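A, B, C and D are the chain letters, set down in written order, and residue numbers restart from 1 in every chain.
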Amino acid sequence: MFGARLFPGGIHPREGLNGKAENSGNPIQELPAVSRVIIPLSQHIGAPATATVKKGDHVLMGQVIGEAAGFVSAPVHASVSGTVVEVGNCKLASGATVPAVTIDNDFQDEWVELHPSEHPENLTAEEAQQIIRNAGIVGMGGATFPTQVKLTPGAGKSIEKLIINGAECEPYLTADHRLMLEHTGEIVDGVRLLMLAFGVKEAVIGVEDNKKDAISALTDACSGVEGLRVQALPVRYPQGGEKQLIYAITKREVPVGGLPIDVGCVVLNVGTVFACDQAIRMGIPLVRRVTTVGGLVNNPGNFLVRIGTPVKALFEACGGTLPSCKQLISGGPMMGISFKDTDCPVTKGTSGILALGKESIYPEETSCIRCARCLDACPMRLAPSRMDSYIRHERYDDAEKAGVMNCIECGACTYVCPAKRLLTQSFRMGKKVINTRKKAAAAKAAAEAAQLAAEKAANEKEKKEA
Amino acid sequence: MQRHLTITPSPHVRDRASTKNIMQEVCLALAPAGIASVILFGAAALKLICFSVLTCVLTEYLYQLITGHKSTVGDWSAVVTGLMLAYNLPATAPWWIPVVGGVIAILLVKQMFGGIGSNFMNPALTARAVLFISWGGLVASYPNTVYCGGVDTISSATPLALMAADPSQVKFMDLLLGNVPGILGETCKIALLLGGAYLIIRQIIDWRIPACFIGTVFVLYLLTSGFNFELAVKEIFAGGLMLGAFFMATDYATCPLSRKGRILMGLGCGIFTFVIRAYANYPEGTSFAILFMNVLTPLIDRYTMPKCFGEVKKHA
Amino acid sequence: MLKKDTFLGAFLNGLIYENPTFTLMLGMCPTLGITTAAMNGVGMGLATTVVLVFSNLFISMLRNIIPDKVRIPSYIVIIASFVTMIDLLMQAFLPSLRAALGTYIQLIVVNCIIFARAESFAAKNPPIQAIGDGLGMGLGFTWAITLLSCIRELIGSGSIFGFRLMPEAYQPMAIMNQVPGGFITLGILLILVNMIKAAIGRHNQARKEELA
Amino acid sequence: MSTFFVILIGQILVNNYVMCQFFGICPFLGVSKKVDTALGMGLAVTFVITIASFFTWLVQNFLLVPLHLEYLQTIAFILVIAVLVQVVENALKKMSYSLYQALGVYLPLITTNCVVLAVAINNITDGYNLLESTFSGCCSALGFTLALLLLAGIRERMELSNMPKWMQGFPGALIMAGLMAISFMGFGGLI
């Protein structure tokens, strides 16, 4: 009735047609290459990559087409071999316009020369970071944070525990589930290589126990690896949230405003670990990923897709959407983004493409009845209803004090709200306003300090002259 | 492909529960007590329930019509208020008592503060208190049941009053079935327990409030009576305690938000109920205890807000 | 609107425009405490008016003599003296009314209306205007609390000034005679006054626009 | 001991000066917009009333009664209170500046807070001795603080609700106070 839980709050979101149950049995199939891919240069958090190719260039599969611009950034590779037809812009599912490289496929699938690591088991931390960075690996659960940045703990911090996220708590998504089943060996090998490279003594793969087959497969594969174990987690959304997963597995709370590394943990998605393994063992950069297509489509499935493939190719492979489809989602139904334009490309963070029906249409908002369901659902132990009313009354300072900046936008509060209030939406807006204000305040303070310094300097100069 | 697609912010799935069906479920949970009251007190009970519910719904409708707000009659919350108000009246009350009460509950306590969710005191209970203070003779007289003297005869003493003298005068079975003098909704404990259990299982109310409420009263009676178990059990089965603990103290708008706060709410209600029952003018303390805790709720909320995830560690 | 620095202007200002009860929200304790019967309202109002007029007059006369530093204690002594006189007079001639009003008569001394008028008006204006202000404020207070007490007495006891006005079948609503009734009645009255004010304001605005 | 318990419960709940007797309504309505300021005001009032109860009792029994000047009670008491407030303000300024900063702004308002005078007068009327007077003063003031805090809590909450425009400000506060007073009526006859 109350359900076991390993982290505060959380919910059991409902699923519609072609959810996990229907889709988890569908093996990963490779989506046939399309004739033209559009590869965005900004598929990660941080600075967009800078294009290294120009129109008319011939590129090979796996060739770098965009270089990382800064520490928090990631390079981008060609996912097909062919000719660059345009270095311009494209629209992502989120509606953002980002720089992109369009390549016409020559269907030769000609790889660049790959450089597998010569001594994969004896890598130093720096070498491993370099390989991961060069392979363009980012968090593949959807957050798309450059992985090598995560694996570079700041001064005085060290990675004690590696936590591998196989929770896949979002409804409908089964890509990680299939990956764990079909590439169990590679995933375990990847974790082992990372443990060796970074000197991590302990690693845990957390998997929600609605994936019993994956748990047993992983447990078998782990049996020989010292310090690595699989932990079954009771099903609860958002188990896959970094802070929630760390708490569920280690009972350590990531401090407010802190990072997982502050409690000695690094969380990597199973997809990310798989990509790391591929990069270290075979030298293959991140050019493909597994994506779930589910919901109101004729034949749901899990596909190995080349980055840059237009979403419509996925729908075509699934036999098209059902007539009752009202909304298309990139990502999971809880945190994903709805989109209309099916020409947008699959990116490194596209964990799923869903077609949802009328249940995804927003009902009318009514007054908050103070039922406190949102408080019970919040995995960050915040008081959503209160923060929401602060934000709606434009009392941003109070909202900040109430902790709105800690909101992880998981959508659990909005899901449970019987008054159908758009809580998550309101927090996103509130956070934006608070950030803008902070930036403005910081800029003002900096300007004032600069002016003060200038005046001081002028004064001193005068004094000297006198 | 492009037909009628929409763009909305996440999350894209929502729970089925809505304000309307929560209120409907509360009505459903209140139904057994209502049926029991009609069986116990006859048509007079039905008449009062109808008057009360109709007045509440009509007042809400008219207020929103006049002020130009969108009508919220469809969310059933006025019906819940109406039912609770009626359950708090004796079967002998004249028809205008629930009418005046309903207007006070909906207009003065609920709508003037912004409607559903904005009231800081339970509308039905506040209205009952106003009626109680104003027309004590009409509202605080408790008729016998149909099976025990008939509704026309006013009982000299409620079970609570009888028990104050000698607990063995009251039969436990009568308390359970409701064959005792009292207000409409409070007498039949089986019906109330049924409704309360339903609400807890459906996770509509937080079990902490009724559990702490009833538990506190029980413990306090046990302690002050020199561990007279019989008295303590009968005390929690007498009067409006069950009705209050399951249906009134758990009113969303007027109880604290956090779990800690709800435990405090239950404890506070229990202590004040005991104190008023045992020492004050009024034989029944439940409603005033709940009202007082309603008033305390904003402060409880202020000091019991849960610490944000990750904040505990920092101080440790 | 008349200027405040004439006798009539000051008088009307207190009586209507800046009514101590409905606009300034001063002197709330007696306003709520004794308004259960219309007679109490009149008695309290008039007693306050007398104190207000005399204290205003004296403070205004002494305004240039009292040093600024000790003005508050001085005002208090002046006010308290008049309150004591009124108190003693009422005990002698109107004992029943005095009993009904209880401590509130003594508490006129801390009634913020009187103190506020002393500080903000009498200390800055000549005696004639000060009397006008005292009279206006006092009577403004009187009519406001009399109105309030009439409503409370009518609903709470079915009568006004002791005359039964409600039909025989009417059952008085006792809560009106108690604390909650006082707060709520004044609250509702205030809402109505504000609405009337707003309506008048809109009307004047419309007329101004018409003229322009 | 039981006398003190009766005074405690009586002055805080049963005969709460604000909720059951209509004293101190002006600061009750005026300083109850925020819980923090309400707390500051409440503490300042508690401080002054406790001391004032002590001194007014002394003045009554060692000055007014022996000299047969009881009719000057009002003047004498209000003077004592005014002087006390002044003294407390100065003393606070010297002794604890942080406390002065926290409570200072409320102190001048206390002279005209009728709870102070009412408590002093009622202590005499009720025939309490010196200790009882002081204790009763303290409890009454705590009762005032409680009422103030409760209203402030409700008003803070109501600021976030969608209360109609015409309810905002004093009308709303009055009606909230009225409903609060209903909840206090349950304690009638407790002592």
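In this text, a contact is a pair of C-beta atoms (placed from the backbone, for glycine too) under 8 Å apart; a residue touches a chain by one contact, two chains touch by 3 or more.
Treat the numbers as computed from the prediction; the structure is a model and nothing was measured.
> Counting hops between chains that touch, how far apart are chain A and chain C?
Minimal hop count between chain A and chain C: 2.
> Looking only at C-beta pairs that count as contacts, which pair of chains has more of them, A-B or C-D?
A-B
> Which chain is in the middle, if each chain's centre is the mean of its C-alpha atoms?
B
> Between chain A and chain B, what is the gap in Å from one C-alpha centre to the other?
47
> Report, in whole Å, the distance between the mean C-alpha point of chain C and the mean C-alpha point of chain D.
22
> Would you kindly tell me how far, in whole Å, the mean C-alpha position of chain D lies from that of chain B?
Here the centre of chain D sits 34 Å away from the centre of chain B.
> Quick one: chain B and chain C, Cα centre-to-centre, how many Å?
Each chain's C-alpha centroid was found; their separation is 41 Å.
> At least two other chains touched by the same residue of chain C: list those residues.
Counting only residues that touch two or more other chains, chain C contributes 175, 178, 180, 184.
> Touching at least two other chains at once: which residues of chain D meet that condition?
161-162, 167, 172, 175, 179, 182, 184-185
> Mind pulling the residue numbers of chain B that touch at least two other chains?
108, 114-115, 117-118, 130, 133 - these are the residues of chain B that touch more than one other chain.
> If each chain is a dot and touching chains are joined, what shape do you get: line, ring, star, complete or other?
Its topology fits none of the listed shapes; call it other.
> What residues on chain A touch chain B, complex-wise?
Residues in contact with chain B: 1, 8, 11, 13-16, 171, 243, 247, 252-256, 258, 263, 312, 315, 320-321, 325-329, 333-340, 342, 354, 356, 359-363, 366-373, 375-376, 379-383, 385-386, 402-403, 406, 409, 411-412, 414-420, 422, 424-425, 428.
> For chain A, which residues are in contact with chain D within the complex?
367, 386, 389-390, 393
> For a test of understanding, state which residues of chain D touch chain A in their complex under the given definition.
So the residues of chain D touching chain A come out as 159-162.
> Which stretch or stretches of chain D touch chain B in the complex?
Where chain D meets chain B, its residues are 35, 149-150, 153-154, 156-158, 161-164, 167, 172, 175-176, 179-180, 182-191.
> Help me check something: in the complex, which residues belonging to chain B touch chain D?
67, 108-109, 112-115, 117-118, 120-121, 126, 129-130, 133, 272, 275-276, 279-282, 285, 287-289, 291-292, 294-299, 301-302
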